[in-house]
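Next come two complexes, and both contain subunit A; in the first it sits with subunit B, in the second with subunit C.
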Partner chain A sequence: MPTQANRVGHVSIGVQPEDPPWKRLLFKTVLQPKVASVLVIVVCWLIAAALLPQDVIPGPLDVLREAKHIAINDNPLQAIGITMLRILAAWAVAMAIGTPVGILMASGRVFNGVLRDLVLVFMALPLVIWALLAVLWFGGSLMAPIVAGAAVAFPFTAVNVYEGVASVDRDMLRMARVYRLPKLVVLRKIMMPSMMPFIFASARQAFAMVWKTIAILEIFGASSGMGWEIEGQYERSSLAGVFVWIITFAAVMMVFELAVFSTFEKHTFRWRPKIGDLR
Partner chain B sequence: MPDKIVIRHLTKHFPIGKGKPDKRVLEDVSFSVVESSFTTIVGPSGCGKSTLLNILAGTEPLTSGDISIAHEGAGEARVGYVFQAPRLLPWMTVMDNMLFVKPADADKVKYRATAEHYLEVVGLQTEHKTYPLALSGGMQQRAGIARALAIDPDVLLMDEPFSHLDEITAENLRSELWRIWSETQKTILFVTHDLNEGILLADRIVVFGRNSKMLDDWTNELPRPREFTNPAVTKVMADFTTHFFDLQAQADREMAEEAAA
Partner chain C sequence: MEADKVSVSEEELGAPAPVMTALTAAPMMKPPHESRWGSALIHILAIVVVLAAWYVITLFTPKYIFPTPQAVWEEMWQILSSGDLWPQLSATLQRTVYSLIGAMVIGTALGIVMGINNYWESFTRNWVYMALSMPGIVWAMLCVLWFGINEIALFIAVVFIIFPYVAVNVFEGVKGIDRELLDMGRSFKVERGAMIRKIVLPSLTPYLVGAVRQNFANSWKMVTIAELFGASMGIGFMIRTGFEFFDSAMMLAWVAWFALVIVAIEYAIIGPFRKYMLRWRPEIDEVI
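This part shows the complex of A and B:
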């Protein structure tokens, strides 16, 4: 039997050293959150495919067959690559514009007044409008997805960064003044680290906004990329083909989220105590 | 010993809005603090005791009067400050928190050695690489004290540093502080609302009133070490508490008369 203290210390982790092997295996494999979420989706899909007609929800086997066909005849890696390139470029521009705008918004009443309205206007416009305008302006060039993605995402970055600056602990800034710390040290060692949670939130949100915009833009305004492939399958009335590309898209975004954001986050917030570490 | 801190006719008023009279925070306060002495300032909340420390630390301007802190060399005096909350940066290890406040003109290698020395003095020699949130409140405050000492301050200002801690931890830290003070011979100005804490620690107790004036300046001659269990100490605590409340009542009466007139 686990002791009482042990129960309290490990309550949110779920695995206790005294658990039988089958239970440990269950927790370590199937019940891992990521695995479990994929399993839930697959089960829901199977049920839906069994209940609904073929032309509404294609079965997993049809989709697998279609995926094999696409993998052999088309060049899926190229489509994934070009879309990722567009997303990353637009995302970088959104962050590069949004971060200083957010800092400016926090640095004075005049800036705040002017920029707040501007940011709100950008935020209010639907992303499909930006996709449309960007295609009209820049056609098939790389500029179109960059401009559309950045225009949609930078207001969210700016607002997050603004909140980040506003959240910096005034007591820490007073401490810095008592110890006569130079401005640059205060910026690098106090301001930036306290803003990191907000920078992460803004990077994640901007990334999600950008890939939604670019998927739409590719569907009607590009001749390459995953969105364009989805459009091609739509033209062929291949529901299974559309599904293949939707799943690919979702999988790529999920892997990116796990590989990039989670890794950086773990490193940046290593100072946060883990459960059981507290004295 | 010469005077380390001299405060003459110090007055501080805060403007609180158009058409309203300024809020008086400090009213004609004068006293000096002798080098290597331990002085506490006691008083009710809002009597201006923390503001006085902020003015001495140079983070708050004064309205009139003057203050000076004796120090060697050019430039301003170096002030070590221990806050009510530890104010350690959670994303830096204990050692990095110490290194981070290194004065611009201090030698890097020497400063590191000093920082190591003071971490040892406060009993944190094994926690160099620990992040503050993994330390208990008492240990965090120890790190705060080590940080204030590491810059080799001319004076050490402490603003109710133990008021957030449980009584057992606070009592341990008080005796540690007394030991550190007798070893380092730093001039300490310690603000507290806890009269007993003032009596346990200080050579001298300066009393502030709700009217923002200095009401008393009392020399504490109790022999050290001072312990709660010693009847001589508890007698002084009881007498001083009575005296303190008499002074505050007197100050309140004066304020009421002033308001009526």
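This part shows the complex of A and C:
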């Protein structure tokens, strides 16, 4: 753990070399923090499910049974696909609007003033209002999630991109001017590398904002997708069903995060030294 | 030291960006030199541009779908003059403040534990990030199913949504504590309670104030979401009512009032509070 250096107290739980082998084995397996955290949660869940009636806390088995039921009778892949389509469309539009707004903000006093106010107003509004207004305006069409998601997420993209442009080394730009580098080279070799971390941050943040918006939008105003499924189970007061869909939603989002963003990031920042190299 | 810096950024790859609000984003985007008159003119220009764009859009869309600026303004005036504003406002504000306090207490405790102990850090880390990525509305629904439609359900839902943000903030703060001070404390055999009171908490103050600043705006938005389901008073309930009557002017008018009040509170109370708490620290532009 690289955080070792920053430790504050002497309170960490660990195994000492003089401990008996059974204790060392225990610490190496189930007491590993990540394993233990899962175990603790599962045990708490089992206890709560045993003590409370099934319609308050469904047990893991109830949830599995419900998941099987849903997998057979409903069409979960279709719901996942529709939600992902909405999220990706809204996210693409948010990035497509936010990026030029951020660049424009960084490129002039008047643009900065006007767009800054606009971005701040959009940021001050809660995302609920966009989800619900978009449903009123566009009903069940694909325009509703696009407009709601883009309205919620583009200010965050714009601020991040603005920060990125502002972080470009001015001396490098001056040098490029002195040596008369072509504009495209300046963009690719000077601007982009220092903007990349900010663009990634903005993509990630926009993605998270969009999926939270789409969840609300689907719960209130769609007739398909994972949010709508959650709402259906909620109306039936079927907690097992709500659990199944919530877990599915969280799992899909996490997989997407890990598979897409982390991979891209690793690829883009492969020139950066790893921690181990510097030690 | 060098290795430390790199490792922190490496670790943060998986971490969510901090919550941005209008208040915390505004100084980021401000160009360094701006004359007062010039900026006032630009603000006016911004308002004119936005209103004009809004008005032009209403010309091409039916009124009941897309309200004109006047319609929203009249609705806002009507809400104020009918005396409806204050009860709803105070309901939502109370919930916001209580849940923020609850989330600050739990989040600070968790953040400190995560920061000072590696075992608990890796124990909780993934769960905190998972909690951060859950849409707030899901918590609201679960709490309504569990506790029914009442204040407790709302409180628990919003505390659950907000406290991971606070925990991450405080965690970063604990990591940033000056190690030399701690080493000194340790070599003088200061006991753990005194270390936390005299070293940890004072160095955490900027992060705690930052957490309040970011999460005040965040928690009123989350209260609004929770109120869609679990309340019969408050801004979220009024937005829901407007939604059910297809009255977009009413929805926008309520949101506008609340956004105004929240921004006013941010500038009038939280900004000065931050200044007061951090009065010992010179501002960056004073130093440079």
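Methods note: the second predicted complex is superposed on the first by the 219 of 279 C-alpha atoms of A that agree within 3 Å, B and C clash if a C-alpha of one lies under 4 Å from a C-alpha of the other, contacts with A are read in each partner's own complex, and residues count from 1 in each chain.
Following the convention adopted for this analysis, a residue touches a chain if its C-beta (ideal position, glycine included) is under 8 Å from a C-beta of that chain, and two chains touch if they have at least 3 such contacts.
Here the structure is a predicted model, which means the values were calculated and not measured.
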item	value
Which partner, subunit B or subunit C, touches more subunit A residues	C
Subunit B versus subunit C as contact partner of A:Val128, first or second or both or neither	second
Contacts of A:Ala48 with subunit B and subunit C, given as first, second, both or neither	neither
Touching partner for A:Ala259 - first (subunit B), second (subunit C), both, neither	neither
First, second, both or neither for A:Val110, with subunit B first and subunit C second	second
Contacts of A:Leu25 with subunit B and subunit C, given as first, second, both or neither	neither
Subunit B versus subunit C as contact partner of A:Leu64, first or second or both or neither	neither
Partner chain in contact with A:Ile219 - subunit B first, subunit C second, else both or neither	second
Contact residues common to both interfaces of subunit A (with subunit B and with subunit C)	272-273, 278-279
Subunit A-facing residues of subunit C, complex	2-4, 6-8, 10-11, 13-14, 16-17, 20-22, 25-26, 28-31, 34, 38-39, 42-43, 45-47, 49-50, 65-66, 115-124, 126-127, 130, 133-138, 141-142, 145-146, 174-175, 177, 179, 182, 192, 195, 200, 217, 220-221, 224-225, 228, 236, 239-240, 243, 246, 248, 251-252, 255, 259, 262-263
Interface residues, subunit A side, partner subunit B - complex	171-172, 174-175, 177-182, 185, 189-190, 193, 196, 271-273, 277-279
Contact set on subunit A toward subunit C in their complex	1-9, 11-14, 33-34, 36-37, 41, 56, 105, 109-110, 112-121, 123-129, 132-133, 135-137, 155-156, 159-160, 162-163, 201, 204-205, 208, 211-212, 215-216, 219-220, 230, 234, 237, 239, 242, 246, 249-250, 253-254, 257, 262, 265, 272-275, 278-279
Residue ranges of subunit B in contact with subunit A within the complex	57-59, 79, 81, 83, 85, 87, 89-92, 100-101, 103-104, 131, 133-136, 139, 151
